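After this come two complexes, each holding chain A, first together with chain B and then together with chain C.
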Partner chain A sequence: MAKAGRKSSSSWKKSLKRKAAAEEIQEAAGAGDGATESGVQPPKAAAFPPGFSISEIKNKQRRHLMFTRWKQQQRKEKLAAKKKLKKEREALGDKAPPKPVPKTIDNQRVYDETTVDPNDEEVAYDESTDEFASYFNKQTSPKILITTSDRPHGRTVRLCEQLSTVIPNSHVYYRRGLALKKIIPQCIAREFTDLIVINEDRKTPNGLILSHLPNGPTAHFKMSSVRLRKEIKRRGKDPTEHIPEIILNNFTTRLGHSIGRMFASLFPHNPQFIGRQVATFHNQRDYIFFRFHRYIFRSEKKVGIQELGPRFTIKLRSLQKGTFDSKYGEYEWVHKPREMDTSRRKFHL
Partner chain B sequence: MAAAAARWNHVWVGTETGILKGVNLQRKQAANFTAGGQPRREEAVSALCWGTGGETQILVGCADRTVKHFSTEDGIFQGQRHCPGGEGIFRGLAQTDGTLITCVDSGILRVWRDNDKNTSSDPLLELRVGPGVCRMRQDPAHPHVVATGGKENALKMWDLQGSEEPVFRAKNVRNDWLDLRVPIWDQDIQFLPGSQKLVTCTGYHQVRVYDPASPQRRPVLETTYGEYPLTAMTLTPGGNSVIVGNTHGQLAEIDLRQGRLLGCLKGLAGSVRGLQCHPSKPLLASCGLDRVLRIHRIQNPRGLEHKVYLKSQLNCLLLSGRDNWEDEPQEPQEPNKVPLEDTETDELWASLEAAAKRKLSDLEQTQGALQTRRRKKKRPGSTSP
Partner chain C sequence: MFCKNEYNVTGLCTRVNCPLSNSVYATVILDKGEIYLYLKYPENAHLPSIMWSRTLLSLNKQTAFNYIYKTMKYTHNKTQIKKCMKRYMRLKEILKRTRKMVLNKQLKLLPVKKKTERRDSIREKKALKAAKIVNNVELELLNRLNTGVYGNLYKMFDKKKKKKKSVSEISQKDMTLEETEDNVEEESESKKKKKKKKDLEMEAIESIEDEEDVDGYEYDEVEDDDEDVDVDVDDDDDDDDDDDEDVDDDADVDDDVAGDSDNDATDDEEDNADANVDMEDLDDDDSDLEDLDEEFDIDYDDEDIDDGEEKKKQKKTKKKKRKEQIEEYVDNEYIKKLKEAGKLLDEDEEIEDMNDKF
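Take a look at the complex of A and B:
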């Protein structure tokens, strides 16, 4: 009974709305042109006094009705305008002006003054002599240690195992409650070049600490959207032992360059193209998306890809200059939300 | 042209890549100066101080233990001297009536005779200050008095004309509430003007005031700020407060009369490496590991004035203390002179232009926030506006 009542009440409401509108018109217009409109169907174009806005109606129900009516009207007008534009474009055919590019946050991005110019000599010198110089000069090849925070749960353990299949020459060790500051000298003695610590909270991995070893910078990321292999739909078979290629997308600023080089130094120099595997670090709006695919060229221009390995999203929280020392280390960049996140169009990586 | 411009730079910054940068905030330009023409990381600038003769000379202490003389009038490096002894980089550099004072990380403080020739003679005086020095500072009122402090190296005040023992040796504070010894890590020292007091900021986020004139060797005042090591400190023009910066890029003004936090300054994203206030204007220059030089206004209103991106990690800075920030009386006179002179002097201008172009190849300009150089090219026969 209630349902039927509601249905009829909605149509009743519409007629009530028109009546209410009529009443409004008659009230508001006063002595104006009420003569012809007191009939059955009042015209849509009501004669309201100028400066009247819907928000001035004190009655909530009537106000809501007026608003819904206005909204429907707007929608109709918008649709009509779109149709008109489409007709005009078809009429013009080839001579139609090109479609305007829609504004997105990415193309409205505030120009960052730290964007690296490829011809800049000072930045080139800085990069060629920084902590990753020994990797990029092919003097060292990476050896990674992957570990977690203490007492990891299943998801984190499986993520570590899958990461070690993605990153060649990596070893997973159980944390055993050891302090990172004690682990680091031991790693350096055993010639590890990088340390990855996956932090876990409430049984899911939520943070990543990446420390380049001899004395290199330490980056702290927060991790989200972790998908293990079995959770990825339409995935390919497990990755092989071939060294993957790397794709680093959209690391334009100086800070982005440093982080990009950090990721690049995780993988050996010589990608084996036979394996057709590629690891992608795609930066968009300061979020870095990690994906691992296998590709196959079906023709010169068509590629098929299969997503393999784990997938996660990370965001940089801080970049610290030495090896891991969060209390006494010097920070190169710290994310400060209240100072840096004030504009929706400003990004740092 | 570059030489004349170098004189008017407001801030001089030393970087980790060995480049000395001169920044002119009025014209919004930054210029690079290197001794050898190419940046070298072995020459990373670790200490800067003004040389003799007002602010016309800068002493640049590099990581390869050389101290280079740079002339701001000419915009070139004039000479260098090698200062061996001890290990580590320069932690303090000072100059007083013909002598150069250097202090290195391992605690060797040496006084060198500052002769014009580049000979590295033996030091006039050598003091062992103790290992792990983080800062050596000279008293601006008494140039022969220096103070040193470091990690597990308590604050000591030395009189270079006096005995080999320190004039004042600070004592550590009492054990804390767990009866544990409080560790010492003096990161920066400043002398308070008008009295003998010293202020230090520590790596354990404390700010302490010491008074050698009082009988107690322990700090007279101690306050804390934040949770991160304080790396740099400077005195404000009033003399009642200090501004400190920590490894997270937080800047705070702390009143020394009460030990209270007056306010903070926003903007830095990386560890603060250099801070200096102007002696009379309420301006603060700060530089750090985020590769940006910032000028803040400290009072009415507190906020950021200028921000300059300088591509390399910045280690130390020198702020020019001159008052005529805006006035550059020499520059506007040059275009007035040109129409008065004849073609023979136009040839002179042309030859000068060629020299400027050669020098320009050494200099670089920054992009982004800075405008391009608005140099008026004096071509022969052109009329000046």
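Take a look at the complex of A and C:
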């Protein structure tokens, strides 16, 4: 029975195909009959009457069949076009027009009017008089306090510890129900320059508040993909006490610039190149990826890189003018998802 | 079981506690942070608007309790008085707790929107793919190397260039000079690869400067790095500035090409000295570079260095290349002569210089 069924199904399919072919010919004939004005048409070409799409076929199997056939045809045409292009290029040789650059999201990014021109005087003036000026003039060296939200769990604690090894001159203190607003005056009194608060939710760190202390801006980030040291594959040994270099990639807009300066001011001004350690803040599409590497130059054109230390990605949520004050603070920039997340080509950092 | 009437003292629905079923009643109520004593007398039962009279109680427990007792002593039950006092205490506790909550940290609970979270995580993954972090880091580091941010640390890479250049230039110059240069090369190479050949440097400096400038220019064309360089130029420039401060130099030297600025200074000094005397200066480099070697654990594939350090194929291939070069220049006899003469010494001057700069 089954065999018969199979046979019949296969034969049925064949009959379907035959039918399809027959239909095509009929339709082509019909089209040919109808549109004699168009001129010579090959009678066996799979030409449907105008306005007919494959989706209008009611029979699912037939429809599927026609669709797969159409797809194959499209693929063939595409391949043929590619080959043709390639031949043309080879034929032209040097005269060939340059290859078209593929469109990427970063290519198609909506031009942000606040992108900073490297020679911009206004920006340079702003930066020489903003809250980080004292750091960049080497008048102050950073001293950082790392803390968490109340009652931190294991992962957060370990992340704090590892961060403190990455950032030189940093101290970890755990909060016991103290309000941030009470902590901040104490920090200022003890000459801390920066405060990092790692917020925790459901036993994983999920937020980062970076506050520059004397009266500097506070940035609130959303943290994700946190990898502690032991979770990083093929990592090097623990970082040494040397002061790392910093790499800040892709901070183009005015906002990005100020955030980049915030990060730069976390690390002391005199990197010890002997240590060969580098902390990277790479901004891509508003996501800032933090990595900590050890590098070694194998030649003038080759570098070996080894990842140590924790890694995480952060996304800016808000930038507030003074020290941490979520209610009455003056917000320079706030991420509004409904307005800002609509366009996939528009980035703010 | 529980009474919904707002004037109930205990909150239980019982005959004794019901404010509607008792013509003589009293409660204590918290209204906008103030505690009031409410009293009900039968005289006003027919006028609901003035049925309940209220007086403000002080937040001082003693005075409040005195007042309650005195007003309710003759008209109300003792149990009612006690209930009022108890409620008063409870309200005070409530006030204390709300005050604490307001003054202390206020945890803002934000809702987690599934769709937004999902979208964000996917965009993050795609951004990570597009970022090519390691490549960019490598690019940036090489950029820094070529613009001279690292100064004297990585001179060994420039040596290859210098050698090649110097070979071509040697042919143009005097034989005597050539001989000394060759000797210099031999000696340094035989000891350790990364010796400074200041003579060669002097000659090759222009070429190197040209090269580095070219390299720098090439790197500037990378778009991202333009912006980056500005941001962390603060770091780099400061280092370069330090280097420049140490050395009294021509204004012609670029700030970025710090390494060369050092060479320029030393060139001025050495122009006067004999070529042979320069061996001592080379010795300085020797020790300096020995220290570097320890720090870096890089093996500069020479016969003297242990083969145990070599592990990777890259280095082996390089070793082959370098060996070829060495064969051209090594002259062990000359080295022995120098050793006997006591001219190959370790001196610590160079190291101190480095510390100053860093």
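The rule is simple: the second predicted complex is superposed on the first by the 280 of 349 C-alpha atoms of A that agree within 3 Å, B and C clash if a C-alpha of one lies under 4 Å from a C-alpha of the other, contacts with A are read in each partner's own complex, and residues count from 1 in each chain.
Rule of thumb we're sticking to: a residue touches a chain if its C-beta (ideal position, glycine included) is under 8 Å from a C-beta of that chain, and two chains touch if they have at least 3 such contacts.
All values derive from a computational prediction rather than experimental measurement.
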> Is A:Glu113 in contact with chain B, with chain C, with both, or with neither (first, second, both, neither)?
Replying inline: first
> Who does A:Glu332 touch here: chain B (first), chain C (second), both, or neither?
Replying inline: first
> Does the superposition put A:Asp126 against chain B (first), chain C (second), both, or neither?
Replying inline: first
>> I'd like to know which partner A:Asp341 touches here: chain B for first, chain C for second, both or neither.
In response: second
>> A:Lys138 in the overlay: touching chain B, chain C, both, or neither? Say first, second, both or neither.
In response: second
> So, A:Glu300: does it touch chain B (first), chain C (second), both, or neither?
Replying inline: second
> Who touches more of chain A, chain B or chain C?
Replying inline: C
> Where does A:Thr204 make contact in the superposed view: on chain B (first), on chain C (second), on both, or on neither?
Replying inline: neither
>> So in the superposed three-chain picture, is A:Lys321 touching just chain B, just chain C, both, or none of them (first/second/both/neither)?
In response: first
>> Is A:Phe273 touching anything from chain B or chain C once the two structures are fitted on A? First, second, both or neither.
In response: second
> In the complex of these two chains, what residues of chain A are touching chain B?
Replying inline: 111-115, 117, 120-123, 125-126, 129, 254, 321, 327-334, 336, 339-340
> Across the complex, what residues on chain A touch chain C?
Replying inline: 104-106, 116, 118, 136, 138, 150, 177-181, 222, 224-225, 245-252, 257, 260-261, 264, 269-274, 276, 278, 280, 282, 284-287, 289, 291, 293, 295-303, 305, 313, 315, 326, 337, 341
> So in the complex, which bits of chain B are touching chain A?
Replying inline: 17, 19, 32, 38-39, 41, 203, 227-229, 231, 247-249, 266-267, 269-271, 289-291, 309, 311-313, 364, 367-369
> Inside the complex, what are the residues of chain C that reach chain A?
Replying inline: 103-105, 108, 116, 119-121, 123-124, 126-128, 130-131, 133-134, 136-138, 140-142, 144-146, 149-151, 153-154, 157-158, 160-161, 224, 226-232, 234-235, 238-239, 295-296, 298, 314-315, 318, 358
